[in-house]
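What follows is a structure written as structure tokens; I'll ask about it next.
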Amino acid sequence: MIAAIPLLPLGAALLVGLFSRRIGNALALFVTCLFMLVATALALRLCFLVVRGFETTLVLAPWFSLGTLEVAWSMRIDTLSAVMMAVVCVVSTLVHVYSAGYMREDVSLPRFMAYLSLFTFFMLALVSANDLLQMFFGWEGVGLASYLLIGYWHHKESAARAGVKAFLVNRIGDFGFVLGICATYAMFDTLVFGEIFARVPDVLGREFSVFGWQIEAVTAICLLLFMGAMGKSAQLGLHIWLPDAMEGPTPVSALIHAATMVTAGVFMLCRMSGLFEYSEDALAFITCLGAATAFFAATVAVVQNDLKRVIAYSTCSQLGYMVLAVGLSAYGAAMFHLTTHAFFKALLFLAAGSLIHALNGEQDMRKMGGLRAMIPLTYLLFWVGMLSLVGIPPFSGFYSKDIIIEAAWTSHTLPGLFAFALANLGVLLTACYSTRMLVMSFHHRPRFDEQVMSHVHESPPSMSIPLLLLACGALGSGYLLKDWFVGNGSDAFWRGSIFVEDYHTALLDAHHAPRWVKSLPLFLGVLGIGLGLLCYQILTTLPAHLARFLRPIYRFLCEQWYVDALYRLLFLKSAFALAHLLWRGGDQKTIDALGPDGISNVVRWLGGRFRLLQSGYVYHYVFAVLTGVVLLGAFAVARHL
Amino acid sequence: MEVLTNLWFSLGAEIVLACATLLLLLLGLLLTERHATRLVCYLSIALLLVLAVLLMWSAQNERFSDASETTAMASLIGRHFRLDTFALFCKVIVLLTTACVLLIGQVFVADASVSKSLYRFEYVIIILLATLGMCLMVSARSLLALYIGLELQSLALYICAALQRDNLRSSEAGLKYFMLGALSSALLLFGCSLLYGSVGSIYFDAILAAAHADGASSLMLQVGMVLTLCAIAFKISAVPFHMWTPDVYEGAPSSTVAFLATASKVAALALLMRLLVEAFMPLKEAWQPIIALLALASMLLGALATLPQSNIKRFIAYSAITHIGILLIGFATATPEGMRAALFYLCIYIIMSLGLFAMLLALRNAEQPSERLADLSGLSHSDPKAALALSALMFSMAGLPPFAGFFAKFYVLLAALRSDLTWLALCGVAASVVSTFYYIRIVKVMYFDEPQEQVVLTGRSNRWVLYLTAIAVALLTLQPSTLLRHSEQAVRVLFAS
Amino acid sequence: MMNDWPLLSTIIFLPLLGALLLTLIRGLEKDVALAAKATALWVACSTFVLTLVLWYAFDPQVEGFQFSESSLWIPESSIGYRVGVDGVSLFFVLLASFLTVLCILASWRSIEKRVRDFMAAFLVLESLSLGAFLATDTVLFYLFFEGVLLPMFYIIGVWGGERRIYAAFKFFLYTLLGSLLMLLSILSLAWIGGTTSLSELMLTEFSPALQKILWLGFFASFAVKTPMWPFHTWLPDAHVEAPTAGSVMLAGLLLKMGGYGFLRFCLPILPEASQFYAPLVFALSAIAVVYASLVALVQTDIKKLIAYSSVAHMGFVTAGLFADNAHALSGAVIQMISHGLVSAALFLCVGFLYERAKTRDIGAFRAVVQPMPTYARLMLVFTLASIGLPGTSGFIGEVLTLLGVFKTSPATAWALALGMILGAGYMLHLYRRVFFGAKDAKPANLYDLHMREHVILASLVLPVLWIGLYPMPVLRVVTLPLLTIIGSATP
Amino acid sequence: MSFSFSAMLESLLPVSLTHYVLLSSTLFVIGMLGLFLNRRHVIVILMAVELLFLAASMNFIAFSSASGDLTGQVFALFILATAAAEVTIGLAILVVYYRNRASIAIDDISDLKG
């Protein structure tokens, strides 16, 4: 039964995918949604069982084995994976259903549904993996599904490009991941999670030499693995693909680029907690990078005009919080935020999708406005999502985000304090941009033309029902889950699926953080909302003035801190320039010119010269003969003497 | 009876050949011109074949053994000529080759568009005389015998080269060949005289004994040896004594060139081998580097100078120089193994050359005999089988497996490596890569280039020879050891003395 | 009774007999062409069936060669006709016979002139490459190894593209030079070791100094054939000019002979030298992977791009072969098999596109997915397999290689992993430019795959996914002989 | 009393084997030079060739008489005969050539080259 959870989506994907042109839209929808529903039911039941103490490792089939390397298709069922599976299944099912409405008019709907189901399969394979290689299988698989879905509208040049970009940037992360796997195998002689953790004590203290300098093996492995997580979870430096990925259909953005796939990095870090706990350096690095991401993405989100891009940067920022939490050894908090975020961010995205749907595909917030009255349900749901995102009680985001910020304070480390500062700033900014987004989209007068106006409508039930369900999640999940995930009972809840060193007490201490620490985020959130309302609702000219006044900063933010430009210059341009150089200069002008072509030219030239020796004159011939005789004779004589 | 038998086992084939040649000459004179040529030609082919069969048969005869010539030794002739396994092997090759050359030459000499002066029965007679000289060469055991054989062959060949009387190129080829050939004869004679002077005898065994005794100290002996070797190097066209080769090959009538490039090479190489082993073996230290140098120069110059050629005959000339170079690597090892490899190489080379000449002699472009490489283009269309056969020959010439040419090269290189002549083997490799280039260029011309003119092959017998040689080089791969064993037996006799 | 039947010889020479049979066909040109195609297909299929029988009868538990046939061929030099199959060669044999069938099918329409000659050349090529993989005698191996050049020379030269003559000559002479140097090494092995039998040579100890010299001879040949950087420049030219089926054989089989040669000769016979030169091989492989991947990025000809990708993939193979542990070696072998399938498939894909559009310039294509959705889908699978996506054969090869190489030389593993990024770069870049981008496809006259093409590509998808999802049947068979090569009892 | 011119000569000018060899070598060298310094007529080449043969014959005879072995002299006779044949053939070819080319200048005999 457990195996059915990932296999059902796979079956749906294969069924619908292979016969996508013969199967009708309705049947495709029916099959995928039904399979997903069953899978979700199973996953929830499993989750329930696991909470009650069930744990197992299920070997479905061998994959390959060679010596000590044994890799099997297997499922590691513990709290971590069960929670993840439940989240993935629930969100995925809702997105499946939502797509039925959203993509109704698309001609190749079966293909889309197949991709969605395929994605779900890979994601489930990832989270239920019992070893690094299967995890990598899922990891790359979701990357593939993401590539396919971003580029789903392949006639759009930008969509196709964004798909490739997403895949490639993820590959850069995978570069680290693969090497991390290799290093793990070299050090631990196994890739199975349990065995790795068991052998950590033996490996502690051993060192790698990387290009000359020594680095502690565990730290090296952790950093390499984290590089993979950076790619997938869009951390600063490898985040550049995420905003572009918004080229894909909105349900895709909700499912993949908000709720599930991007959190795979965080999940992996939690899964590997048994290893990361042993490397203070790696954890410190993770904390700093997470905090930086949280702050950076929030700043950029403030100036974006594309609705989905704002949410995308917001996702990026929230992922920063989760990673930061991992760096603080607050894995429970990370998973908590992951779960709540899955609900409210999916909600936000789908609501945004509903809005975009209503506006016939318009995504630019400058061309929206005044929708409050026209689509009130969406407006309401947007509020729910937004408040949850900002972290206003009793919405779920409040619980999960606050605990992270508190843990940052109670860790009492330098990276922790750094993270605390940036996270709080992030909260302020989050509130600002969320308000800005809401106001620009729904308030004021409409800024679109009549033709669009006539088209504006509330979404069909297939879209609004998932939205309502998600809204419930966004409302309730925080309060309901907080005791299990981060509360006093969390140890019993996680039961070894998460490992925390005894001296990493940040999360435990977080409950006893000073009162000002506890209330600071909330205060900042409210302040941010106020600021947002002030700038965009009341003094509408203020932002423009500010932008003019702080022009360099504005430009800096608009260009996303020039990270993209830097990448283009550093990697893309230089790689192509280098490639041209190697091809024309290396292959053609050097290797060929000195190698085969060069030699054959020399030989031919020599041949031509030798041919001239044959002058046709007898006395030249005689001379050659005599030269030979004299030389050989002289040789004999010289030898004789 | 005893005398006759002894005679047969020393010089019998030559005597029969000489008598028969004279009879054929008479016959030719008696008949009218038109019939004479054809008849004489077929009769001589038959004669050569019969002689070859007789020789092969006598190798099976119990009276024939390499030791049995102790009786023949006693006779005067026996001191000068010897029919041992080696001589027998080479003689059979010479006779068969000549027969084949006569056969495939028919279509060329009889072609009215070539020259009226070629199609005469004297042409056959002269070839037979040259063959006689070659037979003498391979059995020669004294300097005099060597000289007589060589001269008989050369004089006949001079005439052959200039045989196309009304053709300027032919006569120029003849003249050049004569002038340089005379020079080489003179070198040979002077060398022989020095050898005679230092040894006091003209017999190989005496030279061997003298060289054994004080060879290293006698300057005259060594200079004589060098001069003799130079003269023979001229005959086998090793660089730098090769200069006549391209010009003569190009100018002389193709039928002559076929003879020149095959039978005469066998005889000269056999002579060289016998001389080196039976007379100069103790001077190994002296001649080994000389032969190695000749090999090196021949391989490199041959390989390089072939590249720009556009005339098939000139092309063959230079490629022959390359082959001789590789073959001489075997000589340079001075071991039975190397000599065996060289002999093996020679046999395969002859087979390949015969096929090539069978094609060349039959090649007609717009009814005219063709010599341009470019004319081969389109042969794969007009005559796919011949093109296939020719490309097999070319691959074999290039020494590519699975053709016999590969094994030829294989054993030469093996012998070189065993004798620590790795540098020579490496040069051989370089040369064969370059030479492969121009062999496969012929394949390219036949198959890849757009056909420009309509070329055809005439003559059924030539076609058959072409096919047979191609099949031979392809099938020899299956069973190379028979030929290898015979070469080994032949060479072993030389080293036994 | 079946046990006495010389199965391997039958497999080797059946295609050759078929080729001879083809030359006997008489009649009108059109009839001859059809008959030749049919005959060739039948012969190739029967050979394939025979190799399947071989696989079935093969016992993976047995160490050493099976189905061995041995008879003295040239007793003077103790050269024998010795053939045998072990776990490694088994899959190359399967690959060879399988690809030949596909090639003949793929050339059904695209070859119009001299169909009979083409088919004969293909059968000869199959015969020789089967021989090379099955030979257990150094000289016999050499014979087949170099013999392969001849049919390939014709295939490129006669049925090739514009610059076919340059490409054919470059291919021929370059590889010939390498092989001749190898011949010298083989000869030296023969006279120093006193035998040409592979299994006897493996037991012979050669002095390290000698090994180092001989190794270079082998290296010259295999490095060119594989090809390793900087001996790779013949490959793009040869691929671009060769007809589709020729490219398939070139990439699927001929390149493998290089890796196979390293595996058969350098590692078991000259172990000390292999150890000694391993850093050199690592360096060249690392350069090859990065260099070729970069160069592939800027290619404008699809075939050339895939050709460069082959160089990069073979860089994985060479690095894996010399990493001296079971993982890397098995990885390298699987990578070879996988590359044989995947690059073959990619070349077939390009060929199908070329048949329709008569161009291979990437710029000439746009949004091909619209007229050719099935094609796009299949090509995507192979593109992903080429990238090494988990679940495809490419992943198993690459990851095993990486795991092994990392243990021996982490720096090389870094370069290889970098190659994985770049690989995704050029392949997806290609895929996007050709298949995506606009509503209207360019060029206009495209149509989707028809049945024959569909079957060809689909039959390649199966093994690619099969090896990717459950490689054990291959891995298990391959590992045993590899362990003997590195001289350890357990992986 | 018998008068012997040769004996007188010998007493005046003692001639040893070395002298003969020297003489023949000189002849040989002259012949060689004649071959490739001469760039005008083929006839001169024929003469030079004769000179070379002469040098060899002289060597044979000298060695023969010095060692008392008759073979050398027989050899010389053979040389005489073949040299005659050789020159005959040479002249014949020359005549043929002259008919075709109307010249026997050595510089003209260079149509075949390359």
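Letters are used for the chains, namely A, B, C and D, taken in the order the chains are written, and counting of residues starts over at 1 for each.
In this section, a contact is a pair of C-beta atoms (placed from the backbone, for glycine too) under 8 Å apart; a residue touches a chain by one contact, two chains touch by 3 or more.
Bear in mind that the values here come from a model prediction, so they are computed numbers and not experimental data.
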Pair sharing more residue contacts (C-beta pairs) when B-C is set against A-D: B-C
Inter-chain centre distance, chain B versus chain C - centres from mean C-alpha coordinates, in Å: 44
Interchain centroid distance [CA atoms averaged], chain A/chain D, Å: 99
Separation of chain C from chain D, taking each centre as the mean of its C-alpha atoms, in whole Å: 68
Centre distance in Å when chain A and chain B are each reduced to the mean of their C-alpha atoms: 78
Residue list for chain D, restricted to those that touch at least two other chains: 35, 45, 109, 111-114
Contacts with two or more other chains, residues of chain C listed in rising order: 173
Residues within chain A bordering two or more other chains: 600, 611, 614, 616, 618, 620, 622
Set of all touching chain pairs, with the criterion as stated earlier: A-B, A-C, A-D, B-C, B-D
In the complex with chain A, residue positions of chain B that touch it: 176, 179-180, 183-184, 187, 216, 219, 222-223, 225-227, 229-230, 233-234, 239-241, 243-244, 246-247, 285-286, 289-290, 293, 301, 304-309, 434, 437
For the chain B and chain D complex, residues of the former touching the latter: 143-144, 147-148, 151, 155, 158-159, 162, 165-169, 171-176, 178-179, 182-183, 185-186, 189-190, 192-194, 196-197, 200-202, 246-248, 250-251, 308-309, 314
Complex interface listing, chain C residues touching chain B: 73-77, 117, 139, 142-144, 146-147, 149-150, 153-154, 157-158, 164-165, 168-169, 172-173, 176-177, 180-181, 183-184, 187-188, 190-191
Sites on chain B touched by chain C in the complex: 384, 395, 400-402, 406, 410-411, 413-414, 417-418, 422, 425-426, 429, 432-433, 436-437, 440-441, 443-444, 447-448, 477, 480-481, 484-485, 488
Chain A to chain B touching residues, read off their complex: 600, 603-604, 606-608, 610-611, 613-614, 616, 618, 620-622, 624-625, 627-629, 632-633, 635-637, 639-640
